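Below you'll find a set of structures to go through.
The following pair of complexes shares a single chain, subunit A, combined with subunit B in the former and subunit C in the latter.
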Partner chain A sequence: MTRTAILIACGLIAGPILGGLVSGMDRILTARMQSRIGPPLLQPFYDVAKLLFKESLVVNVWQVFCAYCYIAASSIALVLFFLQSDLLLILFVQAVGAVMLVVGALSSTSPYSHIGAHRELLQILSYEPLLVLVVVGFYLETGSFKLTSIYAWREPLLLKLPFLFIVLGYVLTIKLRKSPFDLSTCHHAHQELVKGLLTDYSGPFLALTEIAHWFEVILLLGICSLFWATNWFGMAILLVATYFLEVLVDNITSRMNWRWMLSYVWGVGLTLSLVNLIWLHQG
Partner chain B sequence: MDMRAVLIALLVLAPLIGAVLCTFLRTQAVRSAIVLATGAILVVSAAFLVPLTPFKLSLASVFGLDLHRIVQVADFILLLIILYYGFKHRHLAIIALGLFQVAMLVTLEFFLVSGPTVYERVNCDQLSLMMVLIISIVGSIICYQAIPYMREHEHHYQVAPSRQPRFFFVMLLFLGAMNGLVLFNDLTVIYFFFEVTTLCSFLLIGHDRTTIATQNALRALWMNSAGGAAFILGILAVYRETGTLELQNILLPGLAGSGIYLLALALLCVAAFIKSAQFPFQSWLLGAMVAPTPVSALLHSSTMVKVGIYLVLRLAPGFAGTFLSQSVAVFGAFSFLAGAALAVGQSNGKKVLAYSTISNLGLIFACAGINTAESMIAAMLLLMFHAVIKALLFLSVGAIEQRIASRDIEDMRGLYAVMPVTALITVTGVVMMIMPPFGVLLSKWMAMEAAARNLYVIIMIALASALTVMYWARWAGTLMSDPFAGRFRPERQPVLTWLALGPLCAGGAALSVFAPWLYMGLIQPVLSGSYTASYILKAGVLENAYGAFAILPMCAVALLGLVVAVVALKRAFKSRIVPAYMSGLQTGQPFFFQGPMNQPVKAEARNYYLDSIFGEKRLTDWVNLGGGILLTLILGGAL
Partner chain C sequence: MQAVKRFINRMRSKSPWLLHFDCGSCNGCDIEILACLTPVYDVERFGIINVGNPFHADVLLVSGTVNHRNKKVLTNLHAQMPSPKLVVAIGACGLSGGIFREAYNVVGGIHKVLPVDVYVPGCPPKPEAIIDGVVLGLQKLQRLHEQPSVEKEA
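Moving on, here comes the complex of A and B:
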């Protein structure tokens, strides 16, 4: 019982703190790649704190409801991950958050929000099946959807699921809102849609969506870490390498349109998944 | 007299009596009273059936007449009625299929069968009970809502003299036939009720008597007649192989090896697919949209399409482990995917619902084809949740359509400002279709875990469920999209509409909470004969070797999240309300920005329907081809 309580608390605290730190390092790394110095490591926390104390301006009260649902779902998903629950359940809860963010954007009357929301739906459409197939890969190898069994597995899963790890990389790029998939909204100030899906979230509610996003990032990095769950050292190297690659890709590619995203991500992602799954299935 | 026989008689005959009364007593008030009373009788009888289940009855005679003889005569009369409509509309396919069925029935009844073939005519187990509960409760609620709906409908189209007596005659008859179909064990009786549902749907779809209504009704009739033909052919083959006409006894183990036996089951499955409007037979269900909305609600949720599901779930143990089973799984998953893809391309709300029905039924068939305990559990849960929530969504769209005179999703933009309660109920319905902790998602989750070893099936399911999220989320967002409307003022609706929407919405949520006990009480006993059921219930969590479905904890956490969000919502009303962002050129009016010469210009953004990828024109032919190929595979592979 106390163990459960501690794990829940860990999930709730780790999400925002680690998420903010990852975001800070992301900014510094990006700045260095662009020959800038970049903000201090804690800048994301300063930004969010500032937003939290701004006056709340609302275009539609349902947007507030949706922002709270988004942060509730993404924090619950991370807590479930810490509690080592069923992986598919975690994905579904995470999807609730993603969908509520879209519904909130649709509830505004601004065309920027609308187009952003529809692009976000297409992003969800692109990565969601792949995420399910990655989890199916875990199941075919370990015989269970439960995280407890996946952690109990003796060998690093990366050796058996290399292609699925690449597929997860695509998912991560979309989820982190990195180029070439930063269609719906973007961290950088070069969006043709203003702030896209987040245009009409403002002040404290924008802060909530940012914190919720941190929860999601940590959850996805957690799923990445499952590929090398046998020792801490391997896990750390895998995560750092993956994130570095994400930032690199973000800086050397340009934004594409949704048609390209859907056909490319489904084409490459499904092929790689199928190859890896058939291999597991026959083995 | 036996209580059980009385209940069976009430469930099948009370709607028939109500139906006949409706045609003779032609005043509005009396008719409403009859419909209300019939619904009440059905619900109460179904409730009394709960503690008595399971049981079997021989029921050789009714009121001193041989039941078999009655059904025989009724069967021929029914086929003659269908032939009459075939000749009346000069529809060659209907005539040919009708004559074929008469010939087959004569062969079966007079040449093939000798001596008694059925000893236990009624078999009421938990699956039948589940169906009876769905039909009686959801079906009655739909008939209740039809009372105000049809009054408004006839007022709007200025129908005189009223054709409501005929409408309610068919609606009630439909419920009785459905109850009969799921309670009887005798294949000839099932075939009779199967044909009654075909005829009823024909009459209901053609109710408005417009050219398009007649055309679509005829299409439904010929397609379902083809289903009837496959069904009677299947019965013939089954009888030749097994020498029995009892549904329970044709599934004895050890028969699966024989080619003709599997072909017979495959024919029965094809009949089921036609009833459930699976690809390439979807056009009859899409055409059924022309009927008044309660008809669509009835066809899509508790009757008609559920006949196919019921049959395949019954037959599934008979073909477990065969190629037939695998091809049914692939066929179902294909329908799930194709239906979801086509739904994405639609802006017509009723069409989205129709494709989503086809798609969800496909998932149920896929589960039946996977044919393990886990997948069958998922199938039965989905059957139940889909019935309740789809009825809710259809009735909501019906209510919306009568108010805004459109069924297009684009026209429902900002509906929250016009009819807040209905909009909220619709959004709740949508949320119950795609989100945890609600039942549809729970069953989808179970289906995914059960299908994970079947690569083609799981890939199609993964793609389809992402598409499903897309079309539902888009719709929910559109309903809430709204310039700030100030205070919350509930709209006015007939009492019976609220009495239909409220309980369906609450029921959908409550059933999700009680899912673990539904599993223990209704589903596990059905499966215990043929499968080894595997879930253990512990503190509201259904758990097996590879998955944990934390139903109650999820409900509790979701409730907590909801409370927080609602509190935030209430506080948000006090915030400063501002117009949406328009590049700094807001005019204060929603949707408008300040254009050249200081003129207000309307900014518009429509939803993405991705017509170039998911449009009907682009996909339908390919999807029909795919469905056709898979059907050939099912029939050919069974040989």
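Moving on, here comes the complex of A and C:
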């Protein structure tokens, strides 16, 4: 009982803290790649603290509800991950959060927000099947959807699921809102949609969506860590290398349109997953 | 309570997000404003980000003269920014109307329409001067919040 309570607390605290630090590192790395110095490491925390204490301007009360649902779903998903729960359950709880964010954006009247929401829906449509296929890969190899048994597996799963790791890389790029898939909204200078999906979230509610995003980032890095769960050192190297590649890809590619995203991600992603799944089935 | 207030104030001065509105300037000031965001000046070091969205902005940078056509847009943008917010008028035209002040369609400087916190003179002002203006504005904001009577009025 106490162990469960401690794990829940760990999930709730680790999500925002680690997520904020990862986001700070991300901004510094991005700045260095653009030959800038970049903000301090704690800048994301300053931003969120400032936003939390700003005046709340609400265009539609449903947006407030949706922002709270988004943070609730993404924090519950991470807590379930810390509780070593069922991977499929975690995916569906996370998907609820992602959809609530879109519903919030659709509840305003701003055309920027609407187009951003439609693009976000297409992004969800692109990555969600791939994420499920990655989890199916875990199941075929370890015979279970439970995180306890996946973490206890005797050899690194990366050796058996290399193509599915690449597929997870695509999912991560979409989910982290990195180029070339940052269609709906983006962390960098403003795009053609102003701030897309997040245009009408402001003040404290923007802060909530940012914290919820940190929860999601940590959850996805957690799923990445399943690929090398046999020792801490290998896991750390895998996560750092993956995130570095994400930032690199973000800086060397430009934004594409949703048609390209859908055909490319489904084409490459589904093919790679099927090859890997058939190989697992045969082997 | 005092400590919390001081903490919030520090966070505000550490992450000012800019909204830049061109009220019909000749683009000289706008180029200098955008120069602040280049790697040479790199204002992201101070947490300054150029957001194109009034809902997210803390500081409104206005360049150019206000005319009868765009004064509504300007007041609208200012109204959409959640407080606390700052207005910084940039360049000779933003300060007084500049060489266009006599024109029939020109209202004058930004202060005719909005409460301006900081004036940055120059035609165009240097990027250093613009950064300095934003920093001065943040200091003003902090001073305002440290006086309890003013806070109540706000």
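Assorted remarks:
The working rule: the second predicted complex is superposed on the first by the 282 of 283 C-alpha atoms of A that agree within 3 Å, B and C clash if a C-alpha of one lies under 4 Å from a C-alpha of the other, contacts with A are read in each partner's own complex, and residues count from 1 in each chain.
As a convention for this text, contacts are C-beta pairs under 8 Å (C-beta built on N, C-alpha and C of every residue); 3 or more make two chains touch, one makes a residue touch a chain.
Quantities reported herein were computed from a predicted structural model and do not represent experimental measurements.
Within the superposed three-chain model, A:L159 lies out of touch with both subunit B and subunit C [touch as defined at top]. Of the two partner chains placed by the overlay, only subunit B lies in contact with A:D86; subunit C stays clear of it.
Of the two partner chains, subunit B is the only one that A:A73 touches; subunit C does not reach it.
In the superposition on chain A, A:I278 contacts subunit B only, with no contact to subunit C.
In the superposed model, A:A31 makes contact with subunit C only, not with subunit B.
When the shared chain is aligned, subunit B comes close enough to touch A:Y139, but subunit C does not. In the superposed model, A:P111 lies in contact with subunit B only, and not with subunit C. Look at A:K54: by the touch rule set out above, it reaches subunit C but stays clear of subunit B.
Of the two partner chains, subunit C is the only one touched by A:P39; subunit B is not.
Annotation: subunit A residues 55-57, 194, 199-200 touch subunit B in one complex and subunit C in the other.
Those residues of subunit A lying in contact with subunit C across their complex are 27, 31, 34-40, 43, 46-47, 49-50, 53-57, 189-190, 194-195, 198-203, 206. Of all residues in subunit C, those touching subunit A in their complex are 7-8, 11-12, 14-15, 37, 39, 42, 44-47, 49-53, 55-56, 58, 80, 82-84.
Residues of subunit B touching subunit A in their complex: 414, 416, 434-436, 441, 445, 448-449, 452-453, 455, 458-459, 462-463, 465-467, 469-470, 473-474, 476-478, 480-484, 545-550, 554, 557, 560-561, 564-566, 568-569, 571-573, 575-583, 590-591, 603-605, 607-608, 613. Residues 55-62, 64-65, 67-69, 72-73, 76, 85-86, 88-89, 92-93, 95-96, 99, 102-115, 117-118, 121-122, 124-125, 128-130, 132-133, 136, 139-140, 143-146, 149, 194, 199-200, 262, 266, 270, 273-274, 277-278, 281 of subunit A touch subunit B in their complex.
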